[in-house]
Structures are given as C-alpha cells and as structure tokens.
Amino acid sequence: MNAPAAPDPSLLPLSEARIPDDVFERMRRENLARWPTGAEVDFEAAVARHQALPKHKQLGWVMREADRQRRCLTQPRGGFGTFDMHRHLMVTLDKDGHADIVPTTTDSYTRNEQWQLAQKGIEESERAGRSMLNGYPMVNYGVARAAELVDAIDKPAIMLTGTAMPRLTGEIGYAGGYSGYLGSGIAYTTSYTKEFSIGEGIRNYQYLDRLVSMYQAHGVELHRRQPGFLTGTNVPPSIAIVTAVLDCLLAAAQGVRNYGLEMGETLHLVQDAAAVAACRELCQEYLQRRGHHDVFTPVTLLHWMGAWPHDDAQCAALVAYGGTLAAIAGAISVTTKSVHEAFGIPTPEANAEGLRMTRMAIYLAREIRLDGLKAFQDEKDLIEREVRAIVDKTLEMGDGDVALGTVRAFEAGVLDVPWSPSRYCKSRVIPARDAEGCLRIVDPGLMPFPKEVMEIHEEKLRRRAEKEGVPFGHELAVSSVYEMAEPIAKLLPDRIGRD
Amino acid sequence: MKQKTVVTGVIGSDTHIVGNRILSMALEKAGYTTIALGALTPAPDFVKAAVETNADAILVSSLYGQGELDCRGFRDLCVEAGLENILLYVGGNLVVGKRSWEETQRTYLAMGFDRAAPPGTRVETVLDWLERDLAARERGERRATA
Amino acid sequence: MNAPAAPDPSLLPLSEARIPDDVFERMRRENLARWPTGAEVDFEAAVARHQALPKHKQLGWVMREADRQRRCLTQPRGGFGTFDMHRHLMVTLDKDGHADIVPTTTDSYTRNEQWQLAQKGIEESERAGRSMLNGYPMVNYGVARAAELVDAIDKPAIMLTGTAMPRLTGEIGYAGGYSGYLGSGIAYTTSYTKEFSIGEGIRNYQYLDRLVSMYQAHGVELHRRQPGFLTGTNVPPSIAIVTAVLDCLLAAAQGVRNYGLEMGETLHLVQDAAAVAACRELCQEYLQRRGHHDVFTPVTLLHWMGAWPHDDAQCAALVAYGGTLAAIAGAISVTTKSVHEAFGIPTPEANAEGLRMTRMAIYLAREIRLDGLKAFQDEKDLIEREVRAIVDKTLEMGDGDVALGTVRAFEAGVLDVPWSPSRYCKSRVIPARDAEGCLRIVDPGLMPFPKEVMEIHEEKLRRRAEKEGVPFGHELAVSSVYEMAEPIAKLLPDRIGRD
Amino acid sequence: MKQKTVVTGVIGSDTHIVGNRILSMALEKAGYTTIALGALTPAPDFVKAAVETNADAILVSSLYGQGELDCRGFRDLCVEAGLENILLYVGGNLVVGKRSWEETQRTYLAMGFDRAAPPGTRVETVLDWLERDLAARERGERRATA
C-alpha cells in the first residue's frame, strides 16, 4: 500500500528509553516523507502557532484548569469524510453542543495509513453528498486545512484516531494547532489491530510522545491521552488501569507531562467512582516510584462503550447516566455518545443533543462524591489489589523496562485484554456483569490475579448465574455483551407479579 | 448430510470483532465447520478461504460504516474464483450514519449479497436463515423465502 | 354552579375521629346525589369487581409486592378530555411505556366539581378533535366507562385529581375498579385552592379515607396516597414530610391501611435519598406513637416538579436523573414526566418515552444505596430535627387532635407551604437552592424550626449568595424558581477560562 | 406622568400562582400599582377589578391548558364594562399540549388580546412590552410595534 507502516526497527532496540535527539530527527524526516502533506509540517511555525493560541483553546491548560475548578468537561466524538462536512460538524458541536473539547475522529483508512483508500473515500463522499468515510482524513487534507478547522471553533481540538500508527496523523494535527491526541501503544495495538505487534505499536507511540516532549521543550504544553477503554466490551476497571499505568510510564519516559487517562464506564456508580479514584492514585504512585514527579494525569470517563439499545428513550438514559457517573466519580472530562449509537455515526444535531443531555446531568450531580461510602472503599481496594499484582509482575518480567516487560507479559498472557482482535493478545480473560451490576472476571486466563481476589469475582458472578438459572461460565460473558442493548421490557419486566 | 462449512470475518479495516466472534462461536456450536478469519480481513482473503475449504457460505461482518466501500465487487471476486453460487451474507452497521434500513438493504442486495442483516440482529436469526437457505439450496433454489 | 362542594359541616365538628357508620351513610347518599352518574355507584358490585381483579391490577397489593422485591415502579401522569382519547392514552402508557401503574388525571373543572363546564369541555374536545380539557372528566363519564378503562389495561389504575373535592370522583373511580387515589386534605387544599378552608379540605378527604376503610372492611385493599410534593416549587423535604405525617395520621384515623407518600425530587441525590429514608421512618414513628400499627406507607418520588427547561436534551437528563434518584433513594415508585414538560401536556408517545427513559435509569442504578455516607446521615438528621419540631408543635396546638392542630397551626403560620395559592396558608416560608444543590430555607416565616437548624440553612444559602454575588434574601428564592429551566449554557457555561 | 395600574391574576380553575406572583412582584417593584387577584380568578373578576381601579392593563395568566376555554369572550366582557381600549395581555401555557406557537398566538390575538406570551417568557420581556405599549397608547397608538 503506502510507505511502510513502522519505523525501521533496526534503528533502536525496543526499550522504554527516551529516543535520542539525533535518532528522532532521522525518524521524523522519514516519517514526514511518507505522504505529500508531510512536507507541510514546519515545527517552528507550529510552535509559534500554539503559542499564539488563546489558553482556552489549549487542551493541556484546559484540563488543568478543569481539575482546579473541579469541573467535568464534555467531549463528543465525530468526524466526516470531507472538509466541509467536518467543519460544519465541529462548529455544531462547539456552538450547539457546548462541547468543552472539540474532536476530530479520523476515518479507518487513515487509521491504517491507507491514504490512497482515504483519497478515494473523499472523492466518493463528495460525489454522494454524504460521508462514505467514518471519520476525517486528516493526513490527506494536511496541515493548512487542520489549522482552518481549529480556527473555526473556540475550544481546544483533540485528535481521536484509534490506531497503532499515529505518527503522520499526529504530526499534521499538532502542526495545525490541535492540542490533544488520544491513543497509546498498548491500548490501541491490542484493541484496534490484528497483525500488528505490540512492540511496534509501542514504538509508534514513543515517536508521538517524543514529539510532544519536543513541543514541551519549546514551551508548548500539548495534551496526550491514553484510551484505557480498550475494546470497550465489559473491560473491568483493573484491566483498563493496568494499561493506563504502563502506557503512562512509557509516555513519561519520553518526556510527556500532560497525560490523560480514559476508561469506559462500567455503568455501576460505585464501581466507576472507585475506578476513577484508583486510576488517578495508581498512575501517580507508579510515576512517582519511577521518578516522574511532574506528570499531570487527569482521568476521563467514557459513555458506555459496549453495545447500545435500539430505543432512543433507553439511549437517552444511558447518555444522561453517563454524565451522572462522570460527575460523581470526579472525572475531569467525559466522552459522550448519542441516541443514534446503535445505528450509526450520529448526525451533528444528535451528537450535540447528547452533549447537552450529558452537560445537564453533570450540572445536576455537580457536588456529589461517594468518598467514605463502604462499598466505594471496598471496590477501590479490590481494584488496587488487582492492578498492583499485574503491573508488578509486568515490571518484573521486563527487568525494570516497561516496554520489554509489556511485550513479554502479553506473550505470557500476564497482560491480557478481553475481546481483542489482536493475534498478539491471548484474549483469554473473560469479563461479565454480576448481579449487582458491577463488571467482574469470569475467567482470568493467564493473568496472575491474587487468589482471594478471584474468589470475590467468582462468588459475585455465581450469584448472578444462580439468580438467572444459567451455568457459571462463558455464557455469562456473552449475555453480558448483549445486556445493555436489550429492550427495557426484558431488563425490567413490567407486571411485577402474577397470581 | 455432510457437515456444512462457513467462512466468517470482519471486512476491510474494521476491528469490531465482538459480534463476529459470538456469531462464529454460535455457528461452531450449531455444528458448522467454521473458518473464522477475524477482524481486519481484506475481501480477497474471504474468497481464498472459501475456495480452499470448499465453503457453503461466507458471512461478512462490517460494523464501522465503511462497508459500503469495502464490499463493492465482493460477488465479482467470488465469481472470478469460481464461487458463482456461494451463499453470501453481510451484517452489522452497514453504512455511515443512521439511514433507512430498506435503502441500505437494497444497496447490499444489489451488490450480490443474498441477505443483509440490520444492526442488532441476533445469532438465532442468522442460524435460522442459514439452515433454511442451505436446505433451499439442496432443493436447487437460490435461497429460502423470507 | 353544581351542588354544594362540601358536606354539611353541621353534621360533625371537625376532628380526626373516625366518621361513624350512620353519619357516613348519610354523607354518601347526599354525595352520590350531586350528579347523575353518582347513582351508578353500587358498593356491593364494586367490592365484587375489586375481588375479581387479578392481584397485579390491585395497587394495594402491587405496592407491597414492589417493596418486598425492592423494585422502583414507574407511573406517569396523563388524562385527555374524551373517553376514546383517554383510553388510547392509558393503553399506550401500559404497552409502549411499560408503566407499572397507569394514571387517570382528571381535568381542572372536574377537580373543582364544575361538571357542567367539564361537559362543555367534552363536547368542545370532540368537536375540535383534540383535547380542550387538561384531563379526563371522570364524573361525567361515570362508573361503567371507568370500568372499561380499567379493563383496557393490564396494570393497576390510579386516579390523579389534584383537588380538595375528591368525594364524587373517588366514589366513581373506585367503583369502576381503580385501586388507587392520590390526594389529601392538607396537601391539596394548600396547593390547589384559594378560597377553600383547610378544615373543609380535611373533611372531604376524611370522607374518601372513610370510604377506603369501608372497602377494607369488605376485604378490598385499596391504595390511598398523599401528594407531599405540594406546590412543587422548591418544597424542602421537611415541609413535604410534615404534611405527609399529618395527612397520614388523619387517614389512619379513618382506617386506611395502604397509604403512599409522595415527595417531589429536590434533584440532589443525597438530599433525596435522605428525604425518602426520613419520610418512611418519621411517618411510621408517628403512626406507632398514635397506635396505628398496621399502616403500610411506601414512599414515592416525583420527577422534578418545578419549572422545566425548553430544550428536549436538557429535559431528557432531568427525566433520566429522576429515575436515578428514585432508584438510589429506594423509593417504591417514581412519578414521571416527559421532555414536553415545559410546553404542555405530553403526547401519549412522549409520555411513554419518558417512562422508558426513567425505567432504563432505574435499571442502571438498581442496587445502589447511600446508607453509611456521612453526607446522607447528616442530611437525614437535619430533616428529622425539622420535621419533629413542626409536627410536635402542631399536635400540641390541637390538644392531641391532628385535624384541629393542623387548622390552628396553619392559622398561626406554624404550618406553612411555600408558593401556596391558598388564603388559608401564609406562604411566608421561602425556600431556595444552596450552592451544593440542596433545597434550603431562606426565611422560615413563622414556622418554629430550631434555631441551630436555621443557622445551617442560612450559612449554606449565604455561601451561594456570596458565590453568585447577590444579596442573601428573597432574590435567591426567585432565581431558584427559574434555575432548572435555564438554558444549559447559563447553568454550566462553556469556555471554562479566558486569558 | 401618573402611576399606571395593572390587574394580574390566573384565570379560571387554574392554581399555577408562581409565575404570576413573580410577575406581580416585578410589576410592583417597577413602579406599577398592581392589583394581584391571585390564582383561580373568574374572568369577570378581572374586569370588575379593572373598572374599580381604572386600570391601564390586564395581565391574564393561564398555565393549565384550559385557557382556551376560559379566555373566550374576555374582550367582550371588557367592552361591556366600558373598557374598550384596555391593554390585554395573556401568557403561560395557553393550550393543552405542545402546539405551534404561531397557531396559539393567532388564536389569542383573535380573541382580542393585544399580546400573548409563550411558555417561559421572562418578566423582563413583559416589563419591556408594557412600558413600550403604554407609551404608544399615550401617543394614541394601539400598541408599540414588535
């Protein structure tokens, strides 16, 4: 297809070490040469552009300010296949949706660096008068167009690109004035690729993180962000947090200072609040331990990432609750969906409505916290025990190197992600929802969770199996995939009793 | 009756594996020899696998919206490979955005798929279609009615 | 207009005492003679009809069963001016909305016993092909039509009639197979009338409660319910609960055994949860104290009763959160609204959607409780201190008689309701929302709240006044009336900072 | 200029007093002599009060949906009482259900109201209308434009 997807591995052996200046310079040159628009990237000009942006359009600053003000910001997803459609979308999300952070989701060809296919997609979209691509082809349109998009809104812009290959997209977007980039080597490689090795994914994001650190060195505080939601399919908090900690350590090693952590909502109020608190604390704990003392790690929750119901009314409840959960959990931002979720990419209007529903829900729950509630404390302890067991084992396997440890741990199944499409990930760990509505682990696969922890999971899941008269096992996992998409009449039958 | 063989996978640059995996597991359990190609499968790989295994049907998943681009010419690929009559299904979120199902279905049937499944289709439905269509094939029909 | 609205007061002096059999017989005869359809009421037949209803259509049983199963049931409001429109509405709410309890809201003429005007309204509605009445004229249509409505659904039916004059409507609906009636002497007289004395309102509901107790004596467990939401306008929980306790004691004195208690949501999760717990406990405490040992008093929360926003998206969040609050508070049922609230009576479809949003929200929060959270415990204590002070003073003023105490306490301003239209209610107590989102009291009027309690309220409200740079006082109350109806951009401004 | 007098109230069997009370308080504060009749006020009572106080305007609230029935003939009552030219406003939730505001407004203007206010109207708007309309009256016009 296009130019090769990964930097020449002979350049450096895999490790967490910061990419040296000279090597990085060479890598950048090669990277920017892979598609014509790469030539538009002018680092000096990009630094000047960022420095000229007002603070409220710089995501690094905005996230810190939100933390200071105890605000929960809103951010949707969204991208269309042509510049005009996409610009209209961004403006609608900003103005009608009151989005605090405006997104640019790239299309799946761009994510796979299939820029020729993306080009065809642009043309077909223009011909059809509707988007044939599921996102905005950032690389094809290039730096100047990216800058026009950033100028069209009055908020910070973030790139959402679900890819293991962020190097050119990231260069172009950041050069255009985007101040945030979502993606990481461990999370996206295990959730968005099949044949891509985890080491390669890590390398690609080391490049991006190194780039951000270079901006940082020139006084530009860009925001990087880790997608701990992974496959979005009943991912238990501890698994999300394990990847958050490891990706975060990798980024910090490249010099990143603003690193957001995302988790999909479990949809259980107490579990989500515990997860946010645990994520924040554990990332900082491991950062400190490894000598990174100045990394800001705000936590973001995401509206339900699994399958959605086909009823707008049920979806509205999921959207609103998504705001409630994020606000009460103390998340610094929430990534929103819309009532169209089960059907397809939402219209700008439906997307903006999802934002306003969420924002109202945040307002309503703005001052509530669960700290001190026993169930919260118990859940948080449980998550912490799970995370420490896996992270410590991983670090041990890497002989102190996070990158090496990660690759080896995935090979051994010590690190694992449920429902992963990747060949490099065993996907033997199996989650399901318990009777109280928390996500639990049916089968840990080869992940070394402490025995007492697994007993708790099993007991809670057995209670559900019993209640529903199904065997304890994988069936629970499959029905949990469908659960939130079921019609309400099945979830909560009416006629509470017969005679 | 010999055991039927089906090829499954998610087409194009699409990573949505969950529904496809559940479907594949259900097919296996229902007694089909199931060749599961997984996520991110190029169109020619489906056809190659079907030829190699002498498959009775190909079940293509597409969730991410770009299926309309990825699936163009899929039937032609089959024909070129000598699979004129292989049963072809497609399912998932087949277009970008929330469009009328009738329109979407028409688009895919016109591409040469025998059936298209709307968002949210359950495995029971797919198993039922398959059983009836394969039986219809035995009787020399293109597919079962409805 | 029609026949006189109140029973001849010379019959009995006002007191909480149970109406003697012979007097009640006379009262019923006179009551049923006030409009032709009264003659259709045949008590024996009515008892037989109720006994023939399946249990799941009997609200008394359904509420107890919900309590046993820890379910939070859903119930909308709704009524249209002609039989056909109303029947269609009830069926839609049952089938598409999955309502657990199906309502019949009566129109405002019926509420004021202006049956001639209601008759005109029916005719005009039929002519116009749309409802010109804001509810169903239960009395005009009579018993047989009421029975047809009950037969058309597979759930229990409740009358919602917002009136101080329930006697004929109640007779007809109960005779037709309705198994619940919402309304009470104190709450509705103070919130729905201007010139009606509180004593008269109490008498009218004593009639209704006495009727229900007569059914009870014949083995029929009807449900009665108290509308503690009052004027729906920032009513602090303690004021709702004070009226709940007093109305409940009055009903128990007539022999009622199933008495639901309703409160409007404050929209603060912790305050609502505390209010539900306090309401349940305080009602039982006073019932026990006065020798009523077998009264079941399930608590219901109502979706926000104040002014709603004009944006469907914001409304959806209020609807969904309304379910969340009720579920977490442990309410046995929740009364729902729709995204049309600010505009007008919802269509059957919008109403059904409000039900499904709420139901999904309930499902999502189904197992969560806040017991043990310090803020919850503090709030509950505060409410209890407030309620005891007022109720005890009222009982003292009545020399042990609840009815007399109530009338005297309203005269003295010891009992008071904010924003009341009634001449008999001082409406000097003034509520507002504090900075954390709880309802507080700006000015207690003449209500004898303990001094330390008022200090807490004042301090919390002063904090809001300070934050918003407005003076502490009545202005806070007015802005709190509008607050939830404000556009989201005002409630939670975007652009969190400027430079 | 003499202090202007306005009569306010909620018409018919309607108990929604909150908006009307806030409006009355605001009118009072803005310097109008305000005769606030409160909730549940029959149409003739408005007119009677207006005659007695020689009022410049009547502000009718109706929230509960039955205003369309209650307000019929309101202007006639005024005319009968010799108040041909009194300024008449109505506001609230003026019909049952969510109907197009244009239609609702037309209905009420046809009944003889000078202005109708849609759901959610703020007091600032009402004060502004009143000031401009009363000034227009001084100039002999029916009401201010817009």
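Per-chain numbering from 1; labels A, B, C and D assigned in written order.
Rule of thumb we're sticking to: contacts are C-beta pairs under 8 Å (C-beta built on N, C-alpha and C of every residue); 3 or more make two chains touch, one makes a residue touch a chain.
Only a predicted model underlies this, so the values are computations on that prediction, with no experimental measurement involved.
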Compute the shortest path length in steps from subunit B to subunit C over the network of touching chains. 2
Which integer distance in Å separates the CA centroid of subunit A from that of subunit C? 45
Using CA atom averages as chain centres, what separation in Å is found between subunit C and subunit D? 30
Rounded Å distance between subunit B and subunit D, as computed from the means of their C-alpha atoms: 67
CA centroids of subunit A and subunit D: separation to the nearest Å works out as 55
Chain touch graph shape: choose line, ring, star, complete or other and state it. line
Okay, what are all the chain pairs that touch? A-B, A-C, C-D
Contacts from subunit C onto subunit A in the complex sit at residues 54-56, 61-62, 65-66, 69, 71, 73, 98-100, 154-155, 267-270, 309, 311-314, 316-321, 323-324, 328, 352-368, 370, 372-374, 435-437, 488-489, 491-492, 494-499
In the complex, subunit C residues that touch subunit D: 81, 107-109, 111-112, 114, 117, 120-121, 124, 130-134, 162, 191-195, 231, 233, 307, 310, 340, 342-347, 350, 419-421, 478, 481, 485
Touching residues of subunit D toward subunit C in the complex: what are they? 10, 12-15, 17-18, 21-22, 25, 38-40, 64-66, 68-69, 93, 95-99, 119-120
